[in-house]
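Which chain is which? They are A, B, C and D, in the order written, and residues in each are numbered from 1.
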Amino acid sequence: MTKEYATDFTTKELIASFIAHQVRDGERVAVGAGLHVPRAGILLAHLLYCPNVRLYVVMTFTNLIKEPKMEPFYTVTDFRPAKWAEAYVFHDDFQENPRLVSDMFVVGALQIDKYGNSNLIGVGKDYKRLDFRGPGAVGTLSMAHYVDRYYLYVQSHDRRIFVEQCDFISTIGWGEGGADGRRKLGIPGNGPIYCITPLCIMDFEPTSKRMRLKSVHPGVTVDQVVENTGFELIVPESVPETEPPTIHEIRTLRERIDVEGMLRR
Amino acid sequence: MIPERKSLIIDERQAAAMIRDGMTIAIGGFINSSHPMAIVRQIIRRGVKDLTVVGPASGGLDLDLLIGAGCVKKLVTAYMGGEHYCPIAPLFRVAAERGEIDVWECDEGMFYCALRAAAQGLPFTPWKAGIGTSFPQVNPDLKVFTDPINGEPLLAVPAIKPEIALIYAAHADPYGNVQHIGTGFGDRAMWRAAGKTIVQVEKIIPNEEVRKNPLATSIYGADAIVRAPYGSHPFAAPGYYIEDEEHIREYVAAANAYAKKGDRRPFEAYLHKYIMEPETHADYLEVIGIKRLISLHEY
Amino acid sequence: MTKEYATDFTTKELIASFIAHQVRDGERVAVGAGLHVPRAGILLAHLLYCPNVRLYVVMTFTNLIKEPKMEPFYTVTDFRPAKWAEAYVFHDDFQENPRLVSDMFVVGALQIDKYGNSNLIGVGKDYKRLDFRGPGAVGTLSMAHYVDRYYLYVQSHDRRIFVEQCDFISTIGWGEGGADGRRKLGIPGNGPIYCITPLCIMDFEPTSKRMRLKSVHPGVTVDQVVENTGFELIVPESVPETEPPTIHEIRTLRERIDVEGMLRR
Amino acid sequence: MIPERKSLIIDERQAAAMIRDGMTIAIGGFINSSHPMAIVRQIIRRGVKDLTVVGPASGGLDLDLLIGAGCVKKLVTAYMGGEHYCPIAPLFRVAAERGEIDVWECDEGMFYCALRAAAQGLPFTPWKAGIGTSFPQVNPDLKVFTDPINGEPLLAVPAIKPEIALIYAAHADPYGNVQHIGTGFGDRAMWRAAGKTIVQVEKIIPNEEVRKNPLATSIYGADAIVRAPYGSHPFAAPGYYIEDEEHIREYVAAANAYAKKGDRRPFEAYLHKYIMEPETHADYLEVIGIKRLISLHEY
């Protein structure tokens, strides 16, 4: 079956499709409530490619392949999706073995540096007098430490986010760089794989583990990305466009997952 | 003559009277759900000061309200916000930026390490995630040490022992057997760590009902039970009601007026109308109105 | 109400009555399956004096004051008493906070020294070639460490059990002695309070924390106790007889608790 | 086309085939209840050697049988016996006295420390109980160290990670959602620590049944499910049958003949009749006989 690509899609739908291709069948996958696009991407993977994924949804585990339509949920404490539960997870159980909650994770950030280290603590030089106090690390530090791999995801791409150095590091990416950047610190797992933004997808150059442009979204130029990135990004000679979603993916997103159209706004 | 068991039921005023200035208390639930708000509001009414509040692993606007009302000296939690209502809790943000409160910076994993150490009577429990980050720098209570087995660097997360845990749950019998609907989030971990646990419930159920499903008993042995229907309002209560979106938005607007524009009047008006003026939880519910309350039953 | 003492009772019933007076109302109390006499004593306390005790029975919590008769159970895994459960306790939860399982505990032993240190590991000088391999410590070490207080209980009283020095210590009593014997080791709680045997009750002299004869059971002489104890026991000038059970206690034991008559054999 | 979920059901022979010489495996249950005996007997049938067996916190005669059959090199548990059937497990006792097996001496608290460390990916977790006792002397893996917070002496209990955990439970759906009847003892702790978990169940239930009581799902995500009715026999199965007292006494007599009198023939006869001769679990049940099996239903 050749892929039939869609031509009419939003950047959010494009990103959801990209994320869908990161999920592997049989894995445990945490589905956040707040980040609509990664949520849609993971559910898309589940419905189309990964029927055996164990979805961690509002502190329950479930499987949704028989659900014709996903009703939306906006908070991690919404009890309504728990109607699908196959198991309840006491929240403190996650600390007993974070891998039992998820094999992959999506991490947001206030700041990200060139090695994929990220910050949710706050912005400012003096911790006692922050210019901007962040929300806190939530579970990102522990999850990103224990999972097989994670994905940095931000909803805007500018020089306030992509900085030469984070004011504080709440989640380790590749530390001070190098293929052994994590191993040196005794940190397991494969670390951040991609950094996903509204402009592009970035990966990490294998030797230096510095962030590298992998693909730009339709309509975005390489210069635009470089200009909006506060550190020196590795830019290969040719940078492709991000692979578009298929017609089937877009149909599934719109008819079964994003029925309320949040990804089309 | 068969001896009788003693009822542990008290009211929210008796519960809040146990909370004194300077105490370390835990407050259960998670972000927008399952907070013992009848007790929290009574604590504010009484003007308790200098609390160290061990919030849930991820804290919500109940804690923001306590901060705004001036009850909090130090906060232990890994997140402060209201998700899509407001990504960062407004009064927490400004209080932290100005150094008006201390934040015990942690992530959810470390949070449970601290509670577990207290429950186990240990000075600390170790954690690996955090090595290489800013946490040991911004939270000097976290000590990097060399593990005695493999010589790896690890983080020692010290015990934090709440003197009293305030928990919200669906049901309890009069003897302290508590049953949550849903997972109960990290409430068990707070109970295990705390010196005493007071559980505010939607409904008292007979002991015979508890025995029908012993697996559902999440806390076997609360020290006191407070009955407060709609007691998590404006936050959600699994199996009973969803959060009151309109009320939460009203709170966020009032808090943001202060946090973003320096105008404290809307927040003071909120405090006055919903907390200081009503004398009891029942009075608070009258202010909210039964019409609003029953509209939240829709699932 | 004056106490009406029973005149017709067995030593096991006497001990059950003694143990019943150690329980305080409102406490959590673990009820073992294997030790019939302490089990009967705790249930006796519950039915007569401590209606608010939380009984930990076969990994459940319950309250039995409304039960006319206790059916016997011989194993800690017997699921039948779980019909009374108010709560289930996952066994690994005990390690999260042993105090939530019990405020007091009963500890058995292969050997006990004069400071109440005890041994369930085995007998012999060489751990790799024990003369007699014991069953193991079960949970006694952790429970005795964390509970408010505990009671040593043995089913025979001889010089093989009461020794100058245990070959191995699996549960700390008063360590090397002294009122600060536990504090010096950083061990909380009030340690062993009494040592209960078929011959007598012993306590610990407050200053030295050496074992001291407190009372002898009817028909037992002080000499008999001293002769069968392998270390130098502190013997006060006058040693009373152990306080007998009341008529009401004996009736309750026989009619509601020990219906199968195990304490009368 | 709706994609389908993959069934994880295998049989006891496939399960036992995953256990290789020298492995570290955990076996669930508690003393006289809830052991995955269909798999255990198949392991003996296959003649697996040199296992490090992480028994339950308190181990029973299932482990004694494995020791007697020569499968065990090292045993991790805090108790070995059959309660009123035999206070100390007979073949364990002699094997330990003769140094034929290594015992990782611990109490139940330390036992869970070792499993938790493995689950958390930590080199160790600390424990306080044990300072001043013989444990660090008889178990050199336990290291006394100085805690980095208060300078107290603590015990470092190193991680023990079972490569595979073998668990017995009442029910599972074909997709690895497991539901115990009763508490499940420490089975969850084994699952959290182990690399893989195989759960032997009395009965496969539909996924729809699992969803009726998600709180009862004790293990969310076993790697394989083995269906074996009466599969804990001769031990108890909460909600299904009590232990087979007569069979256990037969075992104890056979084991004691060797342990106390040096006569190994009765134990060899037991092995032959109940394990080596029947080819499958169903064959074993035929040897026991349906009459005996249904008599154990009486509660």
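To be clear about the criterion, a contact is a pair of C-beta atoms (placed from the backbone, for glycine too) under 8 Å apart; a residue touches a chain by one contact, two chains touch by 3 or more.
The structure displayed is predicted, hence computed values, not measured ones.
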Next on the checklist: Contact counts by the stated rule: is the higher one at B-C or A-B?
Outcome noted: A-B
Checklist entry - Taking each chain's centre as the mean position of its Cα atoms, how many Å separate chain A from chain D? => result 40
Item to check | Euclidean distance of C-alpha centroids - chain A vs chain B, Å | outcome: 29
Checklist entry - Of all the residues in chain B, which ones touch at least 2 other chains? => result 116, 120-121, 127-128, 152, 215
Item to check | Shared interface positions of chain A, touching two or more other chains | outcome: 60, 82, 88-89, 95, 146
Checklist entry - Among line, ring, star, complete and other, which one matches the pattern of chain touches? => result other
Next on the checklist: Per the touch rule above, enumerate the chain pairs that touch, sorted by label.
Outcome noted: A-B, A-D, B-C, B-D, C-D
Next on the checklist: Can you tell me which positions in chain D touch chain C when the two form their complex?
Outcome noted: 29-34, 56-58, 77-81, 83-84, 87-89, 92-94, 96-99, 103, 105-110, 112-113, 115-116, 127-135, 137-138, 152-153, 181-186, 188-189, 236, 238-239, 242-243, 299
Next on the checklist: Help me check something: in the complex, which residues belonging to chain C touch chain D?
Outcome noted: 33-34, 59-60, 74-80, 82, 88-92, 94-95, 98, 119, 121-122, 127-142, 144-146, 168-172, 175, 185-187
Checklist entry - Which residues of chain B touch chain D in their complex? => result 120-128, 143, 145, 147-150, 152, 154, 156, 158-159, 215-216
Checklist entry - Where on chain A does chain D make contact in their complex? => result 26, 28, 47-48, 51-52, 54, 60-61, 63, 65-66, 82, 84-89, 95-97, 99-100, 146, 188
Checklist outcome for this item: The chain D residues in contact with chain A across the complex are 2-6, 116, 119-121, 173, 175, 177, 192-193, 207, 210-211, 214-215, 217, 220-221
